[in-house]
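Presented sequentially are two complexes of chain A, the first with chain B as partner and the second with chain C.
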Partner chain A sequence: MSYDMHRYLTDPFQEIEELGGGLFKLNIGPQHPISGQGRFIVLTDGEIVYDIEVDIGYSHRGIEKILEYKNYIQAVVPLERMVMLDTSNILMGFVRAVEDLYGIEPPPRAKYIRTIINELNRISSHLYALGLFAESAGWNPAVFIWTTVDREPILDILEMITGARWSHSFFIPGGVRADLPRGVKERILDTMDYLERRLEVYEDAWIYNETFRMRTEGVGILPRDKALEWGAAGPSLRASGVKYDTRLNEPYSAYPELDFRIVTHTAGDSYARGWVRFEEIKVSIDLVRQAIENIPEGPVKKALPPRPVKEETLARAETARGEINFYIYTEGRDKPYRVKISPASFRNFFVIEQMPKIQEIKLADVPPLIYSFDPWFLDADR
Partner chain B sequence: MIDPILDFIFTNLDPLIRIIIYPGITFIMLFTIFAVWYQRKFLARLMLRMGPVHAGKFAGWLQLIADSLKLLTKEIIFPEHSYKKLFLISAITLPVIPAAAIALVPFAPGYAIFNVRGYTGILFLAIMSLYPIFIVLMGWASNNKFTLIGAFRTIYLDVAGEIPLFLAALGVFVWAGTYDLQDIVAQQATMWFVIPQFLGFLVFFISYFAMIEKAPLDIPEAETELVFGYRTEYTGALFLDTMLGDYINVLAWGLMMITLYFGGYNGPAIFADPVLNGAFWILFKLIILLAITYTVIISYARLRIDQAIRLGWYYLIPLALLNLIITVILKYVVLEGGV
Partner chain C sequence: MDPQRLSSLLSERFGDKLQVVRVEPRRLYIKVDHSIAHDVARMLKEQGFVMPITMGGTDFPKKNVIEIFYGVWSPDHDFVVVMKFDIDRNEPRFKTFIDIWPGVHNYERETWELLGVDIEGHPRLKLLLLPDDWSFEEEGHPLRKDFDATKYRSPWGDER
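What follows is the complex of A and B.
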């Protein structure tokens, strides 16, 4: 496949006449209400979009390079900066990789605590993503603020368990930093009940709202074969009818012992992607309930051996945006020689770029199309 | 020296009060200040927020003043290669158009700023139809891709929204048998026209959102797509001016809807003075109408421009024509000319 990486990037101030045919280049970002820390270069003639190019790298922090200078415990802190909304799921992949290198298994109680925190983080990330999705489809900030308000009790629980609302640095290779505090079980169960009530409100007011469906149904249809070919990740992949979820296909933590369903949709359009996220919140609520009810007693961390037993490893975990892969090569030291991260947003950005090639996309569809994939520039930039 | 001026003031006291105080410039400005505050607080409550709280002792009512002072002290930036005269003139003219249209709306029996009789309904619509033209000029003069797309969308939306709105208003004119707004309001003393003209009212109400450019039909300024639509490039005092135009536009269309469908100044006599009574009822109805408007704004996602055009041409215009036919049959065949 011939793919010119920098079709329009060469001159950011390229003007209308150079493109010809009445087309012009619209820079959505990096200073735009929806762009985030990046730029979408949209080639349009007013309303019809002919091409989208994603310009990432505005927030590149060199996390992969930084990790080469940290030992495995220290690496937790910079790594969390990839996606602040979803820190524990990002970290899960790394922690799994390191545990594989050292050949240890965390205690069962730590696995359950990890699962609870992972799922709480997934709920909070999905709520935020859905709020942005609604706003990108032309809603007033109402829905976004509702979901932000409903994230608060989850962040409070996370603060109660870990001591921080975001970037808790709670997972370490070999377990978690601390045991669950007293009274957290009731708090979690109360919050899950509250969230379920709120999800019913969302269904009435928003998910099944006619105008919202008009704006997002049939927009950016990603067929199953293309989703597999282009490497869509996470809910975007499942919305195209592919039943793939790392939690199911390569179970880790407490997932093999818990009972949950994988949400899929066959339509593959923007609405389906949002709907899959919405249903995944329900699944996560169920998972948190099961995990907190069935949590075993015991220690929560295990000491690492002095040296890794393996030279290289590949580990994956399901983040809110899709599967994250960590490849770690070590020379037998307590520091990695090279860490390669393959985040989900990076792959989803590629899919976004390909979308105008298979169907007609209108300019007004670009924001809901982008946010239905829930891409995160910080995730893709690393 | 002072005598001719005083002489002029005292001989023209009544029109001067109407132009300068009520329902003229002072009223429009004060209502705009109120509407901004009301919108902020109302939308904030629906969004589970507080809205402004700090400026002013009561519920942040001075927030708009603070914002205005901030905007007035800012530099006015003319974009590179913009059409500077047009950029300036179109923004300054924008609030004048709906304000001029408000001059025709009766606020009490025989009490309007420009107290003429005859074709005032048509004149109102004619003046208001100039408003989008200035939006297009603003978008064109800014020399920016976002403003240009916003301007084009305004044209599309106008074709889809203005025609059904005018046809719905025509239904009222036919039902009342007159174009005169004062006659139309006077005829509604017994029954509001929203009852016989309910279909027309629905069309008017939906088109109203296209005319005031608010969600779900805020397509020309579509924040998530076009930053701020046609007014992206405006800064400082000129931006304030465009926002003023926006709020006066809402006020003008709201007054028109109340005049055509909800009995204008009519209402039970609370105050002995008819002007005071009319003012009370007009404000009362406006506040309720604005609350409904803001609830709709918050409840729906923005339509795409092609969906808005389809809404206008497939549903609103046929409905408005149907309403017109029903009105004609009802008035001239069933009721034989009398109401």
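What follows is the complex of A and C.
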């Protein structure tokens, strides 16, 4: 059965509209359906979902165009506005691209500091995502409050290191802005111990709970070949059995010197995606501990040479939502001629749109399906 | 297979219509003639490059071309191929790659609206990122170099 639902695209403020023939068009959004502004248009017949259309672009700020007017240091600030939860990982991709263009390597200590901040950011972002995922499956509001509270000590550490809880602007091409403050090591280790204890509570109360598994297992199964073909990114890709993580496959920062594993799952359903995120928090805790123990001494930044040595580059980095890549074309100047940002959520939204085409999805399963991908409208909109 | 090997395979098959721009440990940048772009794409897919990771275009008003690029990754070989080709800026159009890489669907939509490139055979060319009342005739395509972004400066003052 196929419907041309795009001719039904009418008033976004009419929540439910009857289309005749037993069909309903349901608007989820555009005000804050997840986090940010965007809309899911769901075409249903009673309980069965025939089509999901994702309407993004409500917060398109033209970051790609803005970057054409900024030099590489100024570009840091607008770029961070893509995902406020995960700013350092977003920035990491850009910083890698610029360092590749100029042909420099940051000092070793800067690499370790970057790793620590990236992993702390990843933990905080995953905790937020898991809270929302729990909420979507009817675990409202306990787990979301827990995860929000448990993000606070991490944000406090980030504030201690960078001076800001969210948008740190801490990475610059060539290193990081400042060295670690005194006493941060003990605080990080304490917080990691605390988090580990909290994760055990989550396991008992929620992630291995039978009710939660019944609600999310088998919902929205994404097969491996489709995940690759449609370009799923990050935990959504790994939950479908693809062993790929930019941190290991394209080593950057201190990751090649640290010991960690890629978390994968073969089921490819909503539960698997949530579970991969949960296990990745444990991996990140381990990475932070290793990095803070083995951090070398030395300078934390290096000046950029006057001109880039390369004309173009494609750099990849792993954000909490998956891979982000930056294609930068420069004419040998200190400003980019063209920046193409390819964020993870942009790819995952397309996968969400395709899900009803390969399986039957019930209307009640739509929220857990969407939240399990952890998409972020501002990330996709740029 | 590594990028070096693939580049020699490609040059062997397509001759001087394909130009290897640069070979790096995990990247291969190639520039192809517009006429063989789909053949190259099909060959890349046969070689295992199934996953599109980026797609877009760059506007070059001085050369009067728009350069389109596709980045694809292979789970078997674990490196990225960036395939680029030029299209005429006065008549910007090319045939869609959705039949080869379905994941480029939204990227092509985005290129259509932001760069003003007509993508033939695309099933859903409608506004994705731009506002619903955006007019191409009056306001143009934002990523073109002749688009004046300073028009859209904040009403709350000069923030450069």
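The criterion applied here is as follows: the second predicted complex is superposed on the first by the 356 of 382 C-alpha atoms of A that agree within 3 Å, B and C clash if a C-alpha of one lies under 4 Å from a C-alpha of the other, contacts with A are read in each partner's own complex, and residues count from 1 in each chain.
Here, contacts are C-beta pairs under 8 Å (C-beta built on N, C-alpha and C of every residue); 3 or more make two chains touch, one makes a residue touch a chain.
In this text, all values refer to a predicted model and were calculated from it rather than measured experimentally.
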Touched partner set for A:G57, first chain B, second chain C, both or neither: second
Which of chain B and chain C A:E250 touches, first, second, both or neither: second
First (chain B), second (chain C), both or neither touched by A:K362: first
Touched partner set for A:Y194, first chain B, second chain C, both or neither: neither
Touching partner for A:A137 - first (chain B), second (chain C), both, neither: first
Chain C contact footprint on chain A (complex, rising order): 6, 56-57, 60, 62, 64-66, 69, 225, 228-231, 242, 244, 249-250, 312, 314, 316, 323, 325, 327, 329, 337-338, 340, 342, 346-347, 349-350, 381-382
For the chain C and chain A complex, residues of the former touching the latter: 26-27, 29, 50-56, 58-59, 69, 71, 75, 78, 80, 82, 101-107, 114, 124, 126-131, 142-143, 147, 149, 152
Chain A partner contacts - residues on chain B that touch it in the complex: 43, 46-49, 145-146, 149, 152, 215-216, 218-219, 222-225, 227, 297-307
Residue ranges of chain A in contact with chain B within the complex: 24, 26, 32-34, 46-47, 134-142, 145-146, 149, 205, 209, 211-212, 214-215, 362-367
